[in-house]
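Listed next: structures, encoded as structure tokens.
Two complexes are shown next, each including chain A; its partner changes from chain B in the first to chain C in the second.
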Partner chain A sequence: MKLEIISFGKISEFIHHQQVEISNVTNTDQLKSYLETSFPELADMKYKLAVNQNIIQSNQSLKNQDVVAIMPPFSGG
Partner chain B sequence: MIDHERYSRQLVLKGFGAIAQNKLINSSILVVGAGGLGCPIIQYLAAAGIGTIGIVDNDTISLSNLHRQILFTSEDLGQPKVKVAAERLRLMNPEISIVEHPFRLNKGNIFSVIEHYDIVIDGTDNFDSRYLINDACAFLQKPLIFAAVSGFEGQLAIFNVKDKNNIATNYRDIFPIPPAPGEIQNCAENGILGVLPGIIGTMAAAEAIKLIAGVGQPLINTLLHYNLLNQTQYTLNISVGNDYVLPKSKADFLLMEDNQSHFIAPAYEEIDLTQMLLLRKQDLALLIDVREKHEFPILDQDVFLQVPMSEFNTFMQNNIDAESIVLLCQHGIRSVAAAELLQEKYGDKKKIYSLKGGIAKWRNHFLKR
Partner chain C sequence: MSEKKIKNIFVNGAISPSFIAESISRHATKTAIGGHSIFMGQIRRDEVNGKFVAAIDYTAYEELALTKMNEIREEIFMKYPLNCMHVYHSLGSINAGEICLFVFTSSAHRKPAIEACNELVERIKAELPIWGKEIFEDDTHQWKENI
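Moving on, here comes the complex of A and B:
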């Protein structure tokens, strides 16, 4: 499956904007473990996934060409 | 009566005009944090004619603030931010009221401050304050504008305002669990380009004005991400999350542990003396002594209602008004039984507490009168 990955804040320092071709990933839970294995720093951070700009609250299936955004919390003021 | 000349450019603005201007004059906004975000927020709100602006901050002005907090000057160093900001805003617009809250919000004072305002804007610089403000506003369903910055990027959203599908969200719908201390760097550690909070703060003020005036599409249930380096914006639609629980009562809120990921409401809760005294001080709970009338020590009957267990079933036939009830007895065993009875009757409509260990455990407190 082809996915576009967009990330923000500190996460964008180690996960760059990219198109990825991943096999064996059909839902967001699987994508999370793929990302946390490929980018171990992510596993220690709080972040939220959004698929096609909709924040996901539970496991959701992915389809080809979906755009997945990885958003961390900001606290600065 | 509004000064027509002062607001003339907004009064002639198509799609805004006198109706919207009057809404601004009649509104009140609390801005928490008078820093990089807070300064531009309060400056634009005051200039735009928001009738009442409250400012919360317990900090003083330091030299490293001045590159982004452009309401302040080099002569203000060491002065309290709230005092200096209020003086400047009164000069900018003497027709509005500026309310000074020169302290830090905490669980004990937050409700009494935010209840007076129509909208709260969070321009603080740490997660403890942000989760505190979020949870209090979510509990009261008080409209909250969230603004935050990091490096060259910013976030903005509006919470606790229902969209056309009657759905309202809060910060915990995006990030249910606060980051651990040190997990996310703050401005002092990470650095910040001075103009960035100026942009995000100004956008937050614009969202407040849109929300009050009823113009445009405010960022309700929408998280806006802004990147200064490439001038891009990315929005995320926020839906209701299912992995957190907010307090159901003010008493719950008060007893929430600091940095607790979320509040889990038990059937009833065993509390210690400090927690009981906190509830009593805030006048949030009915305190019931369930010991029999012959037992010692005798407690102050102005503070503790005496309902012996032998009479408890009769007592339960009447309705209790208090939303929170603390039960106590000699060793904290009968009070648990009473808690279970009340729990059966009221379910999660009331918060029931039992003093753990009872009067015997805390005898130094109960005997000292």
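Moving on, here comes the complex of A and C:
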């Protein structure tokens, strides 16, 4: 499936905005494994995913063309 | 008095003292108000390993932040009897000593304004997808973490 990956904060320094075509990934847990393998720096960090602007609290299925945001801990204010 | 339309909270650059003064003065005609509470976040010239923070560069997942802020706004209006609530957060590079967050609540009596203002600041820092990159005086940087 095709996904659009966007990233923020410290993560944006090593994962750039990109379209990815990945097979064998149907949910966010599988996507996390894929990302942590592709970008080992991510495995050591705290981060959250948002799918189509909804922050994910537990595993969720993905569909073609979803926009997935990778977000480190917030530091506004 | 919940507000349905999504308000933009982001301003490019620092929040100027004159903007804050004008914001206060616009409430002079709202005579049901008896108390205002204001929080202003200022960029601190932190020292880290002998280097000083010169500025913080803020970025945000703006669409998500505005949706989330709208939820927070509605919940705070449900919880406290407020007349007014205003939130502004800077984006871009803000120098040490400048204002990057302005939260302004008003109510008939002081307590709801004070408590709502405090809760808003805590929720903004914890829940809005905004990131601060601390730029040191030698142009190196580190990413800020809220504690």
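Methods note: the second predicted complex is superposed on the first by the 73 of 77 C-alpha atoms of A that agree within 3 Å, B and C clash if a C-alpha of one lies under 4 Å from a C-alpha of the other, contacts with A are read in each partner's own complex, and residues count from 1 in each chain.
We adopt the following convention: contacts are C-beta pairs under 8 Å (C-beta built on N, C-alpha and C of every residue); 3 or more make two chains touch, one makes a residue touch a chain.
Here the structure is a predicted model, which means the values were calculated and not measured.
J.: Once chain A of both complexes is superposed, is A:Phe8 in touch with chain B (first), chain C (second), both, or neither?
T.: Touch partners of A:Phe8: chain B and chain C.
J.: Hey, is it chain B or chain C that touches more of chain A?
T.: Counted on chain A, the partner with more touching residues turns out to be B.
J.: Taking the superposition as given, does A:Met45 touch the first partner, chain B, the second, chain C, both, or neither?
T.: A:Met45: touches chain B, not chain C.
J.: So, A:Gly76: does it touch chain B (first), chain C (second), both, or neither?
T.: Touch partners of A:Gly76: chain B and chain C.
J.: Once the shared chain is lined up, is A:Ser58 touching chain B (first), chain C (second), both, or neither of them?
T.: first
J.: Where on chain A do chain B and chain C both make contact?
T.: 6, 8-10, 50, 53, 55, 69, 71-77
J.: Enumerate the contact residues on chain C facing chain A in the complex.
T.: 41, 58-61, 63-65, 67, 89, 100-101, 121, 124-133, 143-146
J.: Where on chain A is chain C touching in the complex?
T.: 6, 8-10, 12, 50, 53, 55, 69, 71-77
J.: List the residues on chain B that touch chain A in their complex, please.
T.: Interface residues on chain B, with respect to chain A: 33, 35-38, 123-127, 130, 147-151, 153-155, 173-175, 177-179, 183-187, 190, 192, 197, 223, 225, 227, 234-243.
J.: Of all residues in chain A, which touch chain B in the complex?
T.: The touching residues are 6, 8-10, 44-46, 48, 50, 53-55, 57-58, 69, 71-77.
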